[in-house]
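All chains are identified by letter, namely A, B, C, D and E, in their written order; residue positions are counted from 1 within each chain.
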């Protein structure tokens, strides 16, 4: 995405150019995430210490998640995340000279706001563009799936989608649909018909 | 090209063994007192020593694993080991592959989860080579790990087998290895399962099974031989540690060593 | 009763598995080679050769390997270096003194890489890393002698691991197999609670040691390595006996380096026991 | 060396519980392979093979050289594998990892050690005397001891699991697709013809070994064919079997990992036999189709 | 080389050395017991293993028949008898488990250089004995050492083992023969001959060109499995390392002693007392007066060591048993 007031606007990444009023952005096929503040991401805990977790976002650097940046966390009562757990978090600090920082609550209300550990389920990796499509409430995929069966989903803009449905088969169904959407060689129609024929 | 005859008219092999006869096997424990555990193993003229260090503080912290110990294998082949003098360099692919195989064999057998963030270093020295490098390396490593008191789910015992026409034979020499289709297996004797199978020669699927199963059976027999050596050593240590009580027998035992 | 890895010891229905065993398919199976020990329902296997497995309250001798932020890493012959926190050592200026920021910047004044110390194992944290403390006047930096390391299984847990041999040598038998052999320092010569000062406790300087004491230290050290070679468990009594025997036989410390002399010694001394 | 981030607990648990029910996340059954495709390039001996999203390119070039001293009557084949960060961020240029070495070794054993290629047929002249080769317009005359040296370069473009099977398929396809210039030997003089003069000739192959890899997955170590990258990372063990269509095993490698009952190994061998039959058919079909589209000028 | 020592330890050790009371009770010029065994590698032509304390070195010597360069001019004498050898010293990572493995190659290459220096000492190897066919063929020695474990004083132990392996070496007996006609010579090309292959026709062309009825090749004499011991093996130099901690110097250092000694002098001494090599290792410098004293002692102890080693090697039991060489002073 690119937004530069004044001066001629130049793209610095390849992709499809979109324009809306004064804004222009480039949709890329990129899979490499560059953290930006306030974005929701899915991370994997790769290291834990007394004060903080180190989290992999699929970006160039590991992010830091303070052990106290959870709803209801106190010095005595901290979340017990293990290495390998998934967390849904918000980027609270993204500075190109420092490792990004995450939080699992709203810093003002200290409420979880949907963030925190993601239990069970499965995580699908896809391009950043596919993630943005899924976040677009007008996109057909998630509503179409929801017609078939209920499921939970968390979309991180860093190219990761977490899915949990009632059965293993249903979870596989959702993740396959997302992967098909991600695949350049399958058209939206094919994805839609796959969902229609899905037998869960 | 070769005029080598793997089996003569009397059904004997070039070194006089019967097809399913193993070469003389000998092993010694604690050959390197400065290591945490060590063992030397000979299958005929093939001789391999293994030294185990650890579990100990990892030298390279970036490589450590949060939930288990890291197993490192270093292999060194003495320049005089083979027929032709050869100085192997660190990056030698064959040696690297050998090390990787030994590592993958022992990783699931050692209870590495008891020692998070530690490392276990295993140094294998090939002192003489007459076929059966992989089997000797694995057997020596098993014994060295037992000697080091590192918990394992089972012994790993390894043996090679070959096939000449329809006759399967066990524990191949270098000459036999270069002439016959052969397989090396490593088994966990208690469960009878196989952890390593390595075959690099062409053989029809239908002829594979017999040779493969015989090698596994042979591996289990070899476990008995290895265990004898371990028990002998454990007995001696146990008596010595008991101190005064069993003095007389104690001396006899040490004399045997 | 001896066993080896992979051997089924007993049924897991009736017994509980202890160290050196695991449970598979309803059986307790040995994972080590060694002796089977049963305490009530608990079955364990004791290896006869292994690295040090720490237990709370153990006395250990260790060597500093690294100075980190507010803590030292200490090699204690275990599967990982132990941790000695700055808050777990006595600081100069009185036992009760709290640690200061400035102490953190001068940690090498207390212990630096290579330094030897005697310490006690504290209750440890979750992931099995040993934690040490030297908050006793008996503990701390080691001087006036030399280190010898043996297999930890040769050191048995006893009421005290500080011994003084009649020959004027102090021994610290670390549970981890590290043994410190040093010149004897009389109880009253040790720095008391009052006179606790950094100079003495964290000093790197040895006292003057006469030749006789040096010879005694060498002799004890050589005797220990002979016993270790023969896997004879070490106690102050057996060492004192061996020492007397060596003196009786008019053996100089270097005579003990000969294998035959050593074999003789073990035979004679263990027969006396 | 940057280690690949290990898969999350969620992914591990999910894949393990799915495989217990005989399910895989891409919808396959445990012993089902992904779609395999072979694409031939414009030049002979350039092949791109893909299994699912895993892609490998194999390429062959041939030059005339002196033979190895100890094998004067045999041609030379050099296998070069190129791992690059392009295939996966886990790969790095420089010192190869254990995984890479193992893979390169299996390829080497499958292609070279199993004598897939008739190396003696790559010998041009076995004579002893050496003279300087001299050139005419298009025809090259070579004298002295000369053999073909084939250089097989395997490039890994994308790693979504099971690189090895894909690489082996690409390599064998390339060897079958390649044509070397024709050479005519008269006495101790050999004449090499340019493609315009005489149609280049295919390589002489003894047989066509292909790799089939399995991993053991989940609490019951279910055997899984053609593993995806994620399945490979979570596997407790891996086994590769190289076979030809004549049901001859060329390489069987299970280097450690979880222990399996003997019968499971034998069962995997049988599964591999039928998979290799399918792959060989596909390879033969693709080659036929390609040759129909190719016009080889013969004068 | 060993694990770092604490300041107190190293001061205890060096004070002890200055007082002539060492950590294990030896005096300055005492050796630890040396254990020697020969014939430990059956596939080699000569081999030995030497142990002193924890230092353990295995050495194997192999002989390969090699073709000499076909040079006609130049120093004929030298050409004929040009002895060839290759050597290596490998240090196993288990020898120095505390060292990071990437520093081992340095130690290996230092010791290899020293071994190569030793083997190329003039008149060390009996050139005439190693020559098979004048101008054509000679035995090439490969001397390879493996440092299995380290417990101080590697150099002395290494060369004690090298010396014992050379002592153990048996040079096969050979018989030379001449090709009668060029035709016969041609037919002998290609396939192996007596186990050795003639590598290039050039040798023979050259022989014919000279028209000299020279021996062209050789074969092993039948029934001579034993071979001949290396000539002058009793006269091989020994290595004596003196550790200098001014004003004293001492022999056979323990690893901890090495760690607190700034300078070492490595000397090669013939049993006759002749000095044939000297290397200084370490940071500090030596005054000539001190060196004089060092040399005097080195020669004295070198001669004693050589005598003790020779006596031990002459003992027929050594090949099977491996025997204990008493500490001497």
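By definition in this document, a residue touches a chain if its C-beta (ideal position, glycine included) is under 8 Å from a C-beta of that chain, and two chains touch if they have at least 3 such contacts.
The shown structure was predicted, so the numbers you read here are calculated from the model rather than taken from an experiment.
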Fewest touching-chain hops separating chain C from chain D: 2
Interchain contact steps from chain D to chain E (minimum; 1 if touching): 2
Innermost chain, where centres are averages of C-alpha coordinates: B
Relative to chain D, chain with the most remote C-alpha centre: C
Greatest separation from chain A - chain, by CA centre: E
Pair joined by more contacting C-beta pairs (C-E or B-D): B-D
Distance from the mean Cα position of chain C to that of chain B, given in whole angstrom: 34
Interchain centroid distance [CA atoms averaged], chain A/chain B, Å: 49
Whole-Å gap separating chain A and chain C, where each centre is the average of the chain's CA atoms: 53
Whole-Å gap separating chain B and chain E, where each centre is the average of the chain's CA atoms: 32
Touching pairs among all chains present in the structure: A-B, A-D, B-C, B-D, B-E, C-E
Contact footprint of chain E on chain C as seen in their complex: 63, 113-116, 141-147, 204-206, 209, 211, 214-215, 218-219, 221-222, 252-254, 256-259
Touching residues (chain side chain E, partner chain B) in the complex: 41-44, 47, 54, 56, 58, 60, 62, 64, 86, 88, 90, 92-94, 97, 100-101, 142, 144, 146, 148-151
Contact footprint of chain B on chain A as seen in their complex: 47-48, 83
Residue numbers on chain D that touch chain A, as the complex places them: 5-15, 17-18, 21, 23-27
Residues on chain D engaged by chain B in the complex (per definition of touch): 1, 3, 95, 98, 101-102, 104-105, 109, 113-115, 236-237, 239, 243, 246-262, 265-266, 269-270, 273
